[in-house]
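Each structure below is given as structure tokens.
Next come two complexes, and both contain subunit A; in the first it sits with subunit B, in the second with subunit C.
And then the complex of A and B:
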């Protein structure tokens, strides 16, 4: 698989070829995540009542959805009440078995592709509820990772 | 008394995804049923503002017919044109239809908001209609 060969065959040296490869991997993973997220929204949304408030939907992502996917909840949710939400997971499940022998920064960079798929899932879920967003993620040190959701208004 | 029903699924982008008729129906009435149901879509939107529930009961009346609606979390509308009928059976019908719609959505080859052409889906909806409506 492309990601494996990129991660193991010395891609830490920056070069145009590798950047382009990473870009394609990012687009692919994120769009697959988007499709999955869209279906997850319909499948697992509460059937008793509809969620109309964006904050409620983000809370649904933090609690119910993270529980379904990773068996735990988001540790910290921050919002500026103007369309930006920051979700912080301190023990991201897919990072728990990773360790980098050259220290935090190198390992964090190599773990990037693993959070692109959840970014897509989050964006897909919000789109399933009718909210267009841009979702980016970063990790400051395994196993912590932070997702930032920015609501894009159509105007 | 002849009982006729017209059922339609309208996607989030307002395109029709599926339609079916149950009970005794005459071909010339189909267009009228379609028209009445789709004209009721605006009233569905109004009703959505007032409640958080998925089942919206009867949103519109036309002569003898009632139009009931059910809205899924992703804004897909299930509409049923019917004569007077108990709300509970219609609610159960809608809930089961929603379940089948979710199953259709789980199919990775099905593109959301595209017409549902599966024969199996058609058969299942007809079975539900026999169970709850006829």
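And then the complex of A and C:
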């Protein structure tokens, strides 16, 4: 444990330099995800029918797109019908093989960058359908993760 | 076919190709923009339908067909009026629109553009 914390503390110790670095990593990963998401929307939007309802589009993301990307569907979708959707994945593929104290808080923190990319993807897909959103993700314990989609109206 | 045009969700033209050597580009730009309004009307009355919107309008000796993808991209085809029956023509135009859509997807996904 001694060596473990020594190896990782240099990277995540709260100091201005590291926070700024994490910030830049976040922006970069999320924007790459955004561009990927936009193209995914073009490529995989259904050709046989028209999706007009935001809820339908989010469901499309949950079922079809998650299946394409991770070979499984979102476990739980909640909405407050006022523009907030919560997607919960209990066995997020990228977390399945991560080790780390049985999913403790430290492991969750170190896994953050891996969750920023899918956030960007979701935001990119929804933007491809014309919906501006803010997507935030959190994990309460690997391998579970939750994505929160908040629709931003243009007023 | 006289003209193919692709517009994005806000109506900005992404691509417009004039195959007719006797007409000016400007005329087709104008035609495409007026067709945009017709597309809006059609979408209002036809939710949850097909992506192909059919014949939008006929002006002079030209017929304008519309197709809108789920991502808000509009594909507009201007052809000369022909003698084929409406159903057959519709099906053929629809196929053309789908090929244009596929080509557009291929172009967008290409990381070298």
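Criterion: the second predicted complex is superposed on the first by the 143 of 155 C-alpha atoms of A that agree within 3 Å, B and C clash if a C-alpha of one lies under 4 Å from a C-alpha of the other, contacts with A are read in each partner's own complex, and residues count from 1 in each chain.
Going forward, a contact is a pair of C-beta atoms (placed from the backbone, for glycine too) under 8 Å apart; a residue touches a chain by one contact, two chains touch by 3 or more.
Note that the structure is a prediction, hence the values are computed from the model and not measured.
K.L.:
Determine, for the superposed arrangement built on subunit A, whether subunit B and subunit C clash or fit.
P.N.:
clash
K.L.:
Please indicate which partner A:49 is in contact with in the superposed arrangement: first for subunit B, second for subunit C, both, or neither.
P.N.:
Touch partners of A:49: subunit B and subunit C.
K.L.:
When the two structures are overlaid on chain A, which partner does A:130 contact: first (subunit B), second (subunit C), both, or neither?
P.N.:
After superposing on A, A:130 lies in contact with both subunit B and subunit C.
K.L.:
Counting only touches as set out at the top, which of subunit B and subunit C does A:41 meet: first, second, both, neither?
P.N.:
A:41: touches subunit B and subunit C.
K.L.:
Could you give the residue numbers on subunit A that contact subunit B in one complex and subunit C in the other?
P.N.:
Comparing the two interfaces on subunit A, one with subunit B and one with subunit C, the shared residues are 39, 41-43, 45-52, 128-130.
K.L.:
Within the complex, which stretch of subunit B touches subunit A?
P.N.:
For this pair, the touching residues of subunit B are 12, 48, 52-54, 71-76, 95, 98, 101-102, 105-106, 108, 112.
K.L.:
Which residues of subunit C touch subunit A once you look at their complex with the stated criterion?
P.N.:
Subunit C residues touching subunit A: 9, 47-51, 68-73, 98, 101, 104-105, 108-109.
K.L.:
Using the touch rule from the top, collect the residues of subunit A that touch subunit C in their complex.
P.N.:
39, 41-43, 45-52, 128-130
K.L.:
Quick one: in the complex, what on subunit A touches subunit B?
P.N.:
Contact set of subunit A toward subunit B: 35, 38-39, 41-43, 45-52, 128-130.
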